[in-house]
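Next, two complexes with subunit A in common: one pairs it with subunit B, the other with subunit C.
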Partner chain A sequence: MKIVVAIKQVPDRDEPVRIDSAGKWIDESDLQFAMNEPDAHALEEALLLKEKSGDDGSEVIVLSAGPERVATTLREALAKGADRALHILADDLASRDALGVAQLLAAAIRPEKPDLVLTGLQSEDLGQGQTGVILAELLGLPHSTLILHVDKIASGIEVKRELEEGWYQTIQLPTPAVLTIQSGGNKLRYATLMGIKRAKNKELRAIAAAGLVSTAPPTVVLEKLSLPQRKKSTQMLEGTPKQAAAALVEKLRTEARAL
Partner chain B sequence: MNFAFPSLAEPQHFSLAEKLLFSTLALASVLLFWRRFGVVLGKILHSKKDPGFHLAPILPRIRDFVWEVALQAKVIRQRPAAGLAHAFVFWAFCAFVLVTLNHCAAVFGLGFLSPDGYLGRAYFLFAALFALACAVGILGLFVRRFFLRPKWLGEKLSWESGFIALLIFALMATYLAAFFTADASPSTRALWWLHTLALFVFLPILPYTKHLHLVLSPFTVFFSRGGFSRIPPLVGDEDFGLVAGDSLTQIVSLQAYSCVECGRCTEHCPANNTSKLLNPKQVVLGLRDYLNDLGPASTEPLLGKYNAQQAVFECTTCGACEFQCPVGIEHLPILIGLRRGAVNTGTWEDDHGGQLFLNLERGSNALGISPSERDKFIQRQQLPIFDGTQEYCLWLGCMGSYDPKGREIVADLARVMRHLGITFGVLRKEKCTGDPARRLGNDLVFQQLAEANLEAMAKNKVKKIVAICPHCVRTIQEDWKEFGAPPIIEHHSEFLARHLHQLQPAQNQEKIVFHDPCYLGRYRNIYDEPRAVASLAGTIVEAPRSHERSFCCGAGGGLAFLGEESGERIGQVRAAELAATGAEIVGTACPFCNSMFRDAFAADSAAPQLLDIAQIAARALPVREPGNGGV
Partner chain C sequence: MNNVLVVLEQRAGRIARIGWEALTAGVQLSGAGSLTVAVLGTDTEAQATEAATRTSGKIVRVEHALLAAYTPDGYTAALEQIIQSESPTHVVFPHTYQVRDYVPALAARFGTVLIGDVIAIESGPVFTRQLMQGRLNGNYRHSGKGPCFLSVQAGAFAAAAQAEGAASISSFTPVIDAAQIRTRPSEPFRAEAQTVDLGSAQTIVGVGRGIKSADNLPLIEELAAALGAELAASRPICDAGWLPMERQVGSSGQTVAPRLYIAAGISGAIQHTVGMKGSQCIVAINKDPDAPIFEVADYGIVGDLLEVVPALTEAVKAAKQ
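After this line comes the complex of A and B, so read on.
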């Protein structure tokens, strides 16, 4: 089975976020970057599929678009067990929309003719949840989202999909297909010394974005980025303890959406 | 000259038949000895060479050899009665070298010690004293092993030990008896031949039993790695630690074959004492069995049939085993080496362990807490930022940055330092020193952390560090050396002890028991300084197991970050022992020990107070210094 995993390198989730001077993106200087967590789960699922299939020549290829620094995350993926990596060099990723990014990825994926394309449900920075779905459409492949587990079956694949309130859905799809993976389905493996050493000999091929797809103006443009204003407000709830408690539950449910 | 003392009787003449018999027996004995010893030696020499091993400096090696082998210091010190008995057996063997050489030479008329001459007679009497001590000693040890049966010698009775004891007794008895016979009498000849037989049976048995340590242990002590828990570097792209037979090095193999099965390591192991699988003696013997069965070229995993992975990951790296070993076996590099073999190749699967490594890979600290929390703590406590002008860099560590109790300790140390007028600053960003990764065997994460930290320290021009955590101190001073030159670092107990005269004792003097942290005591040899500071609180009482015998709190070796322990909880056992001294205060010098005891005492309303020595030092300071708000 040939599996392509599309991953994104995002700012580390614990980093303090500062808006840049233009007000259109974050200030990336001084930031630590890491693999997007849902993509890490996609990689984990791909590696498990490869391990489960035994020795049938299964291959896991990782793919990522972005500037030079993305190579570190690709090497990490190779260290965890991916077989080879493709790096689409693009310095202007922040100014592309989901369609633009999906077009880059599709152009790189098409010649590989994979059986399965896995990617994270959404990214930790923009969180649009669109790239994977658009990618499926561009590749002309069936897709399913919010996937926790994938199993190979005779007619293709069987997937476990997460719904709300603890409900799950089991779906069968033919391959080739595209899946967007939800976090939490498996425990992530840690990078090992042996993995890093072996990764030194694995192929990491860089392709210029310009060579893949002609740049078209984005269909969605990010106008402004700002930090939420922190407001503090206090509401006093009147009535007997029973009435106040009922009112509190209502507010937590409908206003704060904490329940 | 005429002596009142008896003299040794020897047959004066040996017939040709006797000479031939003697030669045949001698040859057979030596050949049988070599038949097995040659194999063992081969296994040791065919193991990998040890990277990073240096013979120099040679003086410490000679010093250790004299202290541990010749003077039997470790043997006696940690188990006095049995140890002294063994020491006499050993010294008797040393004295008997000349006696035995003379014994064999005499067959061919080449004896060089004459019972009539002054030198010979004196020497034989000298040896006789030792023979007597040895005979008594071996008898005592026999009674101990077969009748008293201490638990640490194992469940099964060792008939081989019994037989060896008999042979040793026979050697001494036949020697001593010859002082009471005459040269010409047949009993002298009989005794002589009995002695010879005992000798030639003893020799070939040696390499088949743990008594091989007679030959090997002087070399084991001499060729030790040096230091304490000295973890060797990994070399090349295929070295991941102790994975299979072909990763075993000459030092490890030599140590595996030197084990005398005394069980002193297991006796003091905190994991073994709380019903866990780990048995340090069995780890070493497991390697020996592996070498015997499969040899040093085998690719079968070391963890599997011969040693359980679970056991190896129960080690807190407290060092009680390595510290005790009378034949110089270094358990910690072996245990950590086995962990490396599992972790560096990804064969260790543990939910908490994996999460720890992921936290260290991405975040910067072992607790998985956002670094902005550390920034907030620094701001609240108004801790100055290190800018190269201050005398000390105060290293917070993961516990000092994020743990509530650790933060209290840091805050109090900062108060004391301000009071003393010592300038200090904290680094804007800290990454974990990598201690848990290092002790669990994850060299990838450890290298990344060590290199990043060394770079940050160089950039910030850090020259001197003081830290509240013995794990940080050890890792920075020793383990980072593999990747660069770390700044000088000391533990806050050393710092505070130097300034003791400027610190006030508490108004209310109470009884205080100080718990020696493993990484400060056994690892760094610091026992008095923290006690000097602790005595500001009152009179020191000692726990039954203290100083180099201190019983681990259970947090080391990365175990504070792993899941639930099986058996009893090490921290609770130790906390109970400390509370049972009747002390009103338990003094600590490590934030990990502190957190383990805090947890153990939480359910006990009658528990003693738990205070770090920094808190004790700060107690008598005037209250409400700047920055002394919440932590």
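After this line comes the complex of A and C, so read on.
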């Protein structure tokens, strides 16, 4: 089975978020970046599928679009066990909408003719949760989203899909297919020292975005970023943990009457 | 002038409440223009009758034998055709798992992108949605030639009120071939019997990533015990197996509205807050003063939960003596 995993590099979750001077994006200077966590679960599912299939020539290819720094995240994926990596070099992702980015990814995926395309259900920065579904449309493939588990069956694959409020569903799809992976279905592995060593010799191919596809101007534009307004006037309780805790209990008893 | 199509969603034969919220957003967008409501299925009579209690506009019953169970292929094909037929300027959906599953493909088919999880609509129209795990708001504008697709977040708009006047109900039969439906869904199921009913709890202590390790969970359990509270968690804690899935609060877990909800080490991403923002009193404890959980909190303490929670347990015990 040949599996392509589309991965996004996003600002590390613990990094402070500052709006840049133009007010249209975040200030990326001095930011630490990391692999989008749902994409890490997609990679894990791909590696598990490859391991389950034994030594049948299965291949896991990781794919990411973005500037130079994205190569670090691709190397991390190679160290965890992916076989090779494709890096669409693009410095202008923020000026493309989700369709424009998916067009780039689709153009890089097509010549690979994979059996399966996996990606996380959403990114931790924009959180649009659309890339996988748009990819399926562009590639003309069946898809399913919010997938916790993938099994190979004779007619293709069988997946466990998460529904709302604790419900699930089993879905059968023919391959090739596109799946977006939900977190919680598998446990992420760490890269081993051996894996990190091996990754240095694995293929990481850069592809110029300009040569891939001519994208139409975006139809949906992010005009302005702002800090959310507090809906409630939150009373912040100061002091040492002990002082703040005592003040909170007093407020909960006398003011909120919630104790 | 906006011509708006609102697509409702049914759950067990009834219109899902979030659909009425999408209807409110649709009415706001349509202004003096027209409003059409679509219901989909094999037999949509009950859905259409229910929809007619909340709108006096036009209702279209989109019916086909292949729409009996939801599939992304069936719904995308049906909606593509009703959109071509109605030529709306805006198509409004509730932001549900089902909508997330197929509307991005539908929008792509019209050469555009869904503006998903919208929390507010200003004149323009300018659509606001959250980014960076709820830490920022972004204002989006649609500029393409085709229709603008949007989905609204649960709870962001009030549910549409009872309508006065009769709606006009018509039928639309899309052309769908069985070969177009590529996925085979089974009946939905629940993994295990639910033994915890967080919905009826008066007090809940919710724990998130700030707990850092399962070894620290006793701190939270002691606070819950002192308060007589149920224990709940955000998704990462249940994903890690530190607490069972049935204690998860949020879009993929339970929705709760207790008298008191204490969020300890929970940053406040949308996926969690949709499940608890209706609580009467919310307390947030987080080391990051900019964590979005403070936006929905009545009381906040900035600090490490490993220090604040034990202090709070002691203070609660002292107060109850």
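The criterion applied here is as follows: the second predicted complex is superposed on the first by the 228 of 259 C-alpha atoms of A that agree within 3 Å, B and C clash if a C-alpha of one lies under 4 Å from a C-alpha of the other, contacts with A are read in each partner's own complex, and residues count from 1 in each chain.
As a convention for this text, a contact is a pair of C-beta atoms (placed from the backbone, for glycine too) under 8 Å apart; a residue touches a chain by one contact, two chains touch by 3 or more.
Bear in mind that the values here come from a model prediction, so they are computed numbers and not experimental data.
**Student:** On the A-aligned overlay, A:Thr72 touches which partner chain: subunit B = first, subunit C = second, or both, or neither?
**Tutor:** neither
**Student:** On the A-aligned overlay, A:Gln235 touches which partner chain: subunit B = first, subunit C = second, or both, or neither?
**Tutor:** A:Gln235 sits against subunit C, while subunit B stays out of touch.
**Student:** Classify the contacts of A:Ser53 with the two partner chains as first (subunit B alone), second (subunit C alone), both, or neither.
**Tutor:** A:Ser53 contacts neither subunit B nor subunit C.
**Student:** Of the two partner chains, subunit B (first) and subunit C (second), which one does A:Lys200 touch, if any: first, second, both, or neither?
**Tutor:** The first partner, subunit B, only.
**Student:** For A:Tyr190 in the superposed arrangement: first (subunit B), second (subunit C), both or neither?
**Tutor:** First partner only.
**Student:** Of subunit B and subunit C, which one touches more residues of subunit A?
**Tutor:** Larger number of subunit A residues touched: C.
**Student:** According to the stated criteria, A:Pro16 is in contact with first (subunit B), second (subunit C), both, or neither; which is it?
**Tutor:** both
**Student:** Report, in rising order, the residues of subunit A that make contact with subunit B in one complex and with subunit C in the other.
**Tutor:** Residues 16 of subunit A touch both subunit B and subunit C.
**Student:** Which part of subunit A faces subunit B closely enough to touch in the complex?
**Tutor:** 12, 14, 16, 32, 34, 187-197, 200
**Student:** For subunit A, which residues are in contact with subunit C within the complex?
**Tutor:** Checking each residue of subunit A against subunit C gives 11, 13, 16-17, 19, 26, 97-99, 102, 124-130, 133-134, 136-138, 142-146, 162-174, 182-184, 216-232, 234-237, 240-242, 244-246, 248-249, 251-253, 256, 258-259.
**Student:** What does subunit B use to touch subunit A in their complex?
**Tutor:** On the subunit B side, the touching residues are 234, 237-238, 240, 343-346, 351, 353-354, 357-358, 361-363, 370-372, 442-445.
**Student:** For a test of understanding, state which residues of subunit C touch subunit A in their complex under the given definition.
**Tutor:** For this pair, the touching residues of subunit C are 72-73, 96-97, 100-105, 107-109, 111-117, 126, 130-144, 146, 182-191, 194, 203, 227, 235-236, 238-239, 245-246, 251-255, 259-260, 270, 280-284, 290, 292, 294-303, 307-308, 310-312, 314-316, 318-319.
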